[in-house]
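In structure tokens below, several structures.
Next come two complexes, and both contain chain A; in the first it sits with chain B, in the second with chain C.
Moving on to the complex of A and B:
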């Protein structure tokens, strides 16, 4: 194509990649939690992200308060939704073959998306907040992306601290290592499943709230994030929580770098090619996951 | 019982063969779509119902077949009949390329890789504009051949059902079902699991390719978003599951029931029909994971493979 690539362009895409990657990491950490604890692939993960995004949109639209404060609403709301979904339906397919959980969560997803379309229409909407960029030398850093990045990093670190240090976090990790042993040690596994689904949904909701400030939203936006989260947890090793971080950053970078050389559409395919390659060469992920 | 069933089946086939004489345009189109869903649900069942490997991107073969046929007809002036057979061949070749490495993946990993394959195919088709027309789609020359395509699609549905019957009642089918129940045990018994999984995968990819080609010809226009939708994969899975996966007649039964239901009911709920579809999926998965035939089998102690 004869495009000249300058160092500034490379710096720009690396930064964009890291900014996007932190969000991917946080959202995918949620999916990894559910997969780690229950061996369930939650196809509705992106849909919950979308609902979080709409929560922020309406918060900002109706109340006009700083959209980042809406995290305090969207995260608990989606935590409750997650607990409800787990309690009412998903718990019944935890031990079933993967087909059941894939289909069930797809069914939940399509129903929620359709209800959202019905309620809020399919119009594309956006939160006009913190527009513009900081100019650092030759680089342009979008303000809203930077703030969203900071929130994503903060929440991810908090989630890790929670998993590492608190009693509940330890119980979650124990359950994902071995459900039977955790049970023997007195962990109420059913409750852990509820918390894991709730926490995962809260992380997805946070992702949605942060995304809503950065890009336009619409009811079908979730599927892309579901697919990307699949990619991230496969890259990092399914059920491996630090792996989700690495995978997210890697996905962000690969997407942005390949967009230097290829059209946007094809750079999406690059991510999937990467997925299939990782699955074939290192099915347990880059950091080593757990086989099923 | 068995003879009565065969006789009824014969009468049904003759009736379907004679149907176009009296049918309206809408009737032909309706039945053509019905045949398509029977063929798709049956072919998904060949790999996923029998071996337990969930093909979560089966529509990739449908779309590949549609494009292979579309290109042969539109650019190279082929007749649609050989072209749609080549669509099937294209589906099988794709299955060979992707199945050889991916069928080693277990459980959810295989499902995700198939989902990825479908996305990759859609992007590739959009990218190679010179060949496929890219995002603006590919138009086929006008042709009124609904009745012929009705027969061709019907033939595909009958052929894949017959194939399912032959497989399930053979040693090959037993091998596949052994893989589904316990792959390690299957290997220990000396079954070359990699080879039989690949055979099943090739068979299950051929028919969606043909059907995709026939649809491309019938619609006269294809574009990437229309021939690679995840929803089509899900629909064929739900149909197979609703009737009873891993059986000969289950996918056909599920396809007929759900398709007729869709035409009669969903059209009236234009805005909320996806909520209904979601609800059906949830109910089928939670309450009848073995499908209609599964319930009948339990109640009347029928063989598990009918």
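Moving on to the complex of A and C:
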């Protein structure tokens, strides 16, 4: 009881895959940044994304202003939250065994989700701003997803430019390559950690703000994005920033194409099978770990 | 919450005792009916609605002098939405609290778990909030179903489509027990009504991206799309249908489409969507109007849903069965329930020898101008279906 798959259908899901993939890339870049600089796996990354999504929801609900403008609020807000988390808690586990950072960020995540449930209830909310699509021949291009895509690509390019060209960005990459050498060269590593966590949280927040306009949100939505981001950075090479881009796009495409050719039920499984294959054949990820 | 609840039952007990001292009808001790409900946890909102239904039913029965000359009294505990806790509580109700009879908890999952307990003690249980067929088809003798089965949730959609000469249907579902049963039933119904099933696919629980599945549906181009959903997925599918410009002539969902939040979230995009429901406030069942009035007096400002009416209706069934059995003996009440063919505020009640519901009717509504208008079955319909659903580009 299936359907015959036509090239137009493949085109449609490739577009969907790329649109979703750009968002995955941006969010995962944040996770890669924290891992690259500190060797900390931040399980609360998706939770921060959720807080970004709620920022946009309330912005739109209370002020009624264009939800895309809320990026100007959600990103700085989550940057500050990220800096606060790093300063108050995460810095204590930077050199501890990896399990410590997992436990800590897991705890932070549970606490934030519960506070959100308490404050905003677990009701599903949505930002009904840009619905529908542009019809181009046999293809339907979702308006909200296109805009999200554009923002995600823009912000990701900006983040790369920042890492490549600015002094702070270079210091972040230096710390990521070798903390000791960076320290010897006069980089204030503690400060770099703060910035890295802040930037990563701002990227997650941007992801949340963009997601909020595309799908309905609720306090437990973040977990999925933590898992996906984790998958993306392992695919691309943990701590490798261009790897996160490639991994994100790849995940988006694999999810969509496997949903089309197989079923939506197995698409997640296919993504994880891909992960296992990559780990077996190229244990350092597609682009290799750590090199920046 | 729980302390408030305890003091509430405490108060109720005190009232019953007080009432007992004046009213000759209740010279004897009240009939104790035990139940656990999900007053906290995942199903709390729904369980609390059912709880209010039970409470109001007890009040009304007692105002009319009780049954068998005795008052009825609920002994209620909170199962925290956990099947295992429910099992423990029904054991306690039957062995320690020595209740005379029991009523069902909320949800198929918890009912399935506790059904083994009341079965063991041969104590009849009217289960108002379980619609998974398998619970009632395992040879159990003491459990009775009140609402319609999962399999017939989309009967209205299929029947209306066939009547309007539509030919093809696509069905999608969340990959869990209840929606799967709905799909099986819908396929049967489609065959019976001469609709060709052109596409069937399941998606995992918690799925948020329906692009690929909807792309396939657009290619299959069915006249009708039936989605066996809960709530979040019903919202996401509707939204993404617009994004991908999927335009069936009729589109209906099972669970979730009936909640007011569905329309609040989707706004105008919810227009024309069909939804299935067990009960709606405006249905003209006997006593429904009085029930609504009494409910808003007793619980001002509190939620009213089909769970409230189901709780009330299920309790009506039990009381009627006690009356006809003339005794509290489990076997006699079982026989009385099997013979019942009545209407409650919740609709028709009649079960087959397995205790499986065969009289209660699902209704189908359509969102029209922000209101749920019942459009099926004809004898209960309050309005006409707006057909066909216009394509997204022409709305």
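Convention: the second predicted complex is superposed on the first by the 287 of 292 C-alpha atoms of A that agree within 3 Å, B and C clash if a C-alpha of one lies under 4 Å from a C-alpha of the other, contacts with A are read in each partner's own complex, and residues count from 1 in each chain.
The rule is short, and it goes like this: contacts are C-beta pairs under 8 Å (C-beta built on N, C-alpha and C of every residue); 3 or more make two chains touch, one makes a residue touch a chain.
Computed from a prediction, not measured in an experiment: that's the story for all the values here.
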{"item": "Contacts of A:4 with chain B and chain C, given as first, second, both or neither", "value": "second"}
{"item": "Touching partner for A:12 - first (chain B), second (chain C), both, neither", "value": "second"}
{"item": "Which of chain B and chain C A:126 touches, first, second, both or neither", "value": "second"}
{"item": "First, second, both or neither for A:72, with chain B first and chain C second", "value": "neither"}
{"item": "Chain B versus chain C as contact partner of A:20, first or second or both or neither", "value": "second"}
{"item": "Partner chain(s) touched by A:279 [first = chain B, second = chain C, both, neither]", "value": "first"}
{"item": "Which superposed partner A:181 touches (first chain B, second chain C, both, neither)", "value": "neither"}
{"item": "Touched partner set for A:140, first chain B, second chain C, both or neither", "value": "second"}
{"item": "Which of chain B and chain C A:259 touches, first, second, both or neither", "value": "second"}
{"item": "Where chain A meets both chain C and chain B, residue numbers", "value": "263, 265, 268"}
{"item": "Partner chain C, residues of chain A touching it in the complex", "value": "1-6, 9, 12-13, 16, 20, 123-126, 128, 131-133, 135, 140, 142-145, 215-216, 218, 224, 255-257, 259-260, 263-265, 267-268"}
{"item": "Residues of chain A defined as touching chain B within the complex", "value": "35, 39, 41, 89, 92-93, 96-100, 102-104, 106-115, 117-118, 223, 227, 230-231, 234, 238, 263, 265-266, 268-269, 272-273, 275-276, 279-280, 283, 291-292"}
{"item": "Contact set on chain C toward chain A in their complex", "value": "175, 197-204, 206-213, 215-216, 219-220, 231-232, 235-236, 239-240, 242-245, 261, 265-267, 269, 392-393"}
{"item": "Chain B - residues contacting chain A, complex", "value": "48, 52, 54, 56, 98, 101-102, 104-109, 111-113, 115-117, 119-120, 123-124, 126-127, 230-231, 234, 237-238, 241, 271-275, 277-282, 284-286, 289"}
